[in-house]
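Here chain A shows up in two complexes: once beside chain B, once beside chain C.
Showing the complex of A and B:
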């Protein structure tokens, strides 16, 4: 029987179709949180009468009021607006760094999974070394070399996450390599590049999407931690971590200026974690994408 | 089992080697003149030339690397050009502090996490289980440095139960030392405890329904003995795996948490030297913290082989 007479299996339905068909409670709550954060981050600074950098010394460390629902910081700036603008930085850094890790990690993982032996070793052994560093430590190493600033934070977190994405992609590629649909494609004379990009990649996206959603939450935390210790986003950009680090000197007088940025961070990370959990139940029941 | 452990030990060598290359490359990759940065403001052209020679920067990369690595293997990490002290002295002062902090948080996290996880599994679907789930979901999402600040605000500044920062060496006054480390250790432990609640709960749920537990019960063992000695022991493998995976997180987080509580540990040394562009100290401290992590991870893996001999056997045997 000719191989191409057999129905060529396109095994799994597309991830997005499965998603909408199976909305679980954590997924719904997580998406709702992220939706609200996005809405707040873009609407509140636009609608508020205050600007994130608007200094008002007379209003320094004023408590929550109708005008300033979350109070004001040491320079009299509105905490709510700053938290919302801080969300933009968190989201941009998280999205940028995970995107960077995907752009680097997916090809590396595909190549090492599809070409075992020399290529696999050349790619994975250096990545193993990078993974042997605790995440923050590796980020600090990158920042020791490149300096600080928003773009450097994106690059640093992207480098930290690249081996993680590559490892997940490699594992799913290794499994897919032996599947019938890949053999069929090979028998039809498809090139390695074509097999990898049009057959293996789309069918391995489940675990990658799960891993990426979990990493988004960690990226938010990592950016905040780096900015908090003075290695991340530079002032006056209102990053949530940076706000916590400047306001901690005033935390007995104005606890609201410390409580709200941290609470805001936690809410966003919670949203990403819930989405990650919900997606994992659906897209990666075998647990190929692992936490950290 | 011996062979499995040996293989695992041998696998660590190239990782440590690679780590040293990455760390060594830092000083070469810095844009601009690292020597001027190392010396800071009081750099004269003469001093720069002299330091450049001392650092061996006038030699080829691989010669520099071998000299540096050779020094480290003999316990010589070079000299801190700012303070004039040997770097190994800085490491000897800070590493034990960080180690103590990590061990303490690990203990707290294991007791709290495994305890709450077991309780959650036994009372599945009831109030303790709900408490466990809320704790683990929030604990995974909370930024640890912020939790540290909230603990300082509540337990140290408002209630005065613990000191808000500072440190007493263990050898000076063990009780006061512990007193100062309670809040930083709790802060570090929260995230790991949250993960352990989840893992313990699901591992225990897998085990609790199995035949050998039913057999233990039918032999008349108390439910307590069944859960603690038979249940937990068989759920231990995934729990130990996760502890190993999360160790790196604990070691890494000390960079941030030691800063929150002014603990004079290795993490703080890494941060201070990074902020000051003090490259020789960055290299030494990052390498040591990374290596300590890799080696403790190795110990966890060996523990894993001892707990579950099946791990050591090749698949299918």
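Showing the complex of A and C:
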């Protein structure tokens, strides 16, 4: 017994050290970008003397100045404030739609992964059909049925992303259900529901989290695209896509009014993608060897 | 009733053919039966079919009675009530049987709470007692450990503790020590033998390692291609193996201190379930096969067991 009676060395619980060890460069940069965006989206409109919808015809298409750091648009509105308020919409739509996709996709993926055969086919074949449509087309179809507006955008993007989440969840469920601890749980008399919720779901969340963080970036883009073609957020609510769409008429006179929302969009998507990349390095089993 | 398990004419068929063929097996209280045989001869399938947890697509015929009750007539809820409580299993490669995301203590406590109406602190005390019984040092601290913080031998002990904590009437241990290295294997085996007698009514130890069986069991059943070809008290089987397959298995077992000779092997492989040979299933590989082996071999009763071979029917 002497052999393994020796106390097993356990790393001292230093949560801070463990946290920083997980912070790879892309994750740090991505989190920093998203942090700055969040900070700006909530602070700048509150601190600025201008309101996002405050029209000032005399100031139409004014270049960047101390008072208007990113200039003003065709109606003399402050571009910086509008971009930051637009960020709020982007973030809210992205978070809401991915949350919706998770709420629908996780149970569907779990069920189809754990119950092969009939249930699997009943769930996955319709989802495959949904996946066959280009995202924007599917979103347009949903909005044609439900109408426009911010909430409908969230629902439309949520529906578009549900099959993607469900697929990832199904794949990880298929792997997890063959694990020995799942068989052991069945041998101890655990019910199917209990096995799925307490053993399979927590053990397969890693890839789903990665997928969700990447989808956040795509959701931002999709919302902007829908707003750009006039199907998304309705004016005067400032959405980045909507700003791009209206200000492009003045692109030669006032490039700042177009470049600002465009650049803002790029920055946020870059942030989400970097976070997704960083998380994948940590959470994806295939990437693990590279990191350690 | 002293009969713990009574299997009659059990046949399990996967898509391609029968993996277990008309198998009869009886286990009384106090029996520790070793189930030996090559890979693919149906040992593990037999274990899972007793639990009623065969993969979908498997077909099962025959009856399995556990403490007098027909297991196959139980519905899901009644069966789950039995599993982990009176009928427990240590699955193959048992050290992976712990969910990496939960503390050791919680996994044992949850099993107890699922089957017994006790408080969480009582369940914790039971878990602690059982961890101590399987020889885990500093069990208080180990309750709060995650599986990755334990060595393979420790995890295997936890698996054993989990299976035995509710004192099952029947324990099925599938290759309980094959994932362990030899030094730890010896420790776990010694401990396991005592624990089976203390905590379990009866046990089936599935193993391809005759040494393990010799240490743990009082009876041995040798399985070949889904049939039991020989069953005997453990001493007798090792001293006087009757079936040619048993002899080949024993000869293929490496012995310490016997050097120089090439290790004996059994030529060929276990027959494909889809196209078994006619007559005795071992005939194509049997060193002493004869013409009579082309007919179905009889089950010849012997003291404490029997043998499925025509050579012993003559007497």
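As a convention for this text, the second predicted complex is superposed on the first by the 264 of 292 C-alpha atoms of A that agree within 3 Å, B and C clash if a C-alpha of one lies under 4 Å from a C-alpha of the other, contacts with A are read in each partner's own complex, and residues count from 1 in each chain.
As a convention for this text, contacts are C-beta pairs under 8 Å (C-beta built on N, C-alpha and C of every residue); 3 or more make two chains touch, one makes a residue touch a chain.
From a predicted model like this one, the values you see are computed outputs, not experimental measurements.
Colleague: If you stack the two complexes on chain A, which partner ends up touching A:203: first (chain B), second (chain C), both, or neither?
Modeller: second
Colleague: Considering only the touch criterion stated at the top, classify A:116 as touching first (chain B), second (chain C), both, or neither.
Modeller: Second partner only, chain C.
Colleague: Looking at chain A, does chain B or chain C touch a larger number of its residues?
Modeller: B
Colleague: Looking at the overlay, what does A:244 touch: chain B (first), chain C (second), both, or neither?
Modeller: Only chain B; A:244 stays clear of chain C.
Colleague: On the A-aligned overlay, A:80 touches which partner chain: chain B = first, chain C = second, or both, or neither?
Modeller: Touch partners of A:80: none, neither chain B nor chain C.
Colleague: Contacts for A:128 in the overlay, against chain B (first) and chain C (second): which applies, first, second, both or neither?
Modeller: first
Colleague: Is A:159 touching anything from chain B or chain C once the two structures are fitted on A? First, second, both or neither.
Modeller: neither
Colleague: Look at A:180 in the shared chain and tell me whether it touches chain B only, chain C only, both, or neither; answer first, second, both or neither.
Modeller: second
Colleague: Using the touch definition from the top, list the residues of chain B that touch chain A in their complex.
Modeller: Those residues of chain B that touch chain A are 14-15, 18-19, 21-23, 26, 29-31, 137-138, 140-147, 149-150, 152-153, 157, 195, 245-246, 248-249, 251-253, 255-256, 259, 270-271, 274-275, 277, 279, 282, 286, 289-290, 293-294.
Colleague: Going by the contact rule at the top, pick out the chain A residues touching chain B in the complex.
Modeller: Against chain B, the touching part of chain A is residues 125-126, 128-130, 132-137, 140-141, 143-146, 217, 221, 224-225, 228-231, 241, 244, 248, 251-252, 255, 258-259, 261-262, 265-267, 269-270, 273-274, 290-292.
Colleague: Mind pulling up the chain A residues that touch chain C in the complex?
Modeller: Residue positions touching the partner: 1, 3-5, 7-8, 10, 116-117, 179-181, 183-191, 198-199, 202-203.
Colleague: Across the complex, what residues on chain C touch chain A?
Modeller: Residues in contact with chain A: 51, 53, 56, 76, 79-85, 88-89, 91-94, 96-101, 111, 114-115, 135, 137-138, 145, 149-151, 153-154, 159, 162, 183-184, 187.
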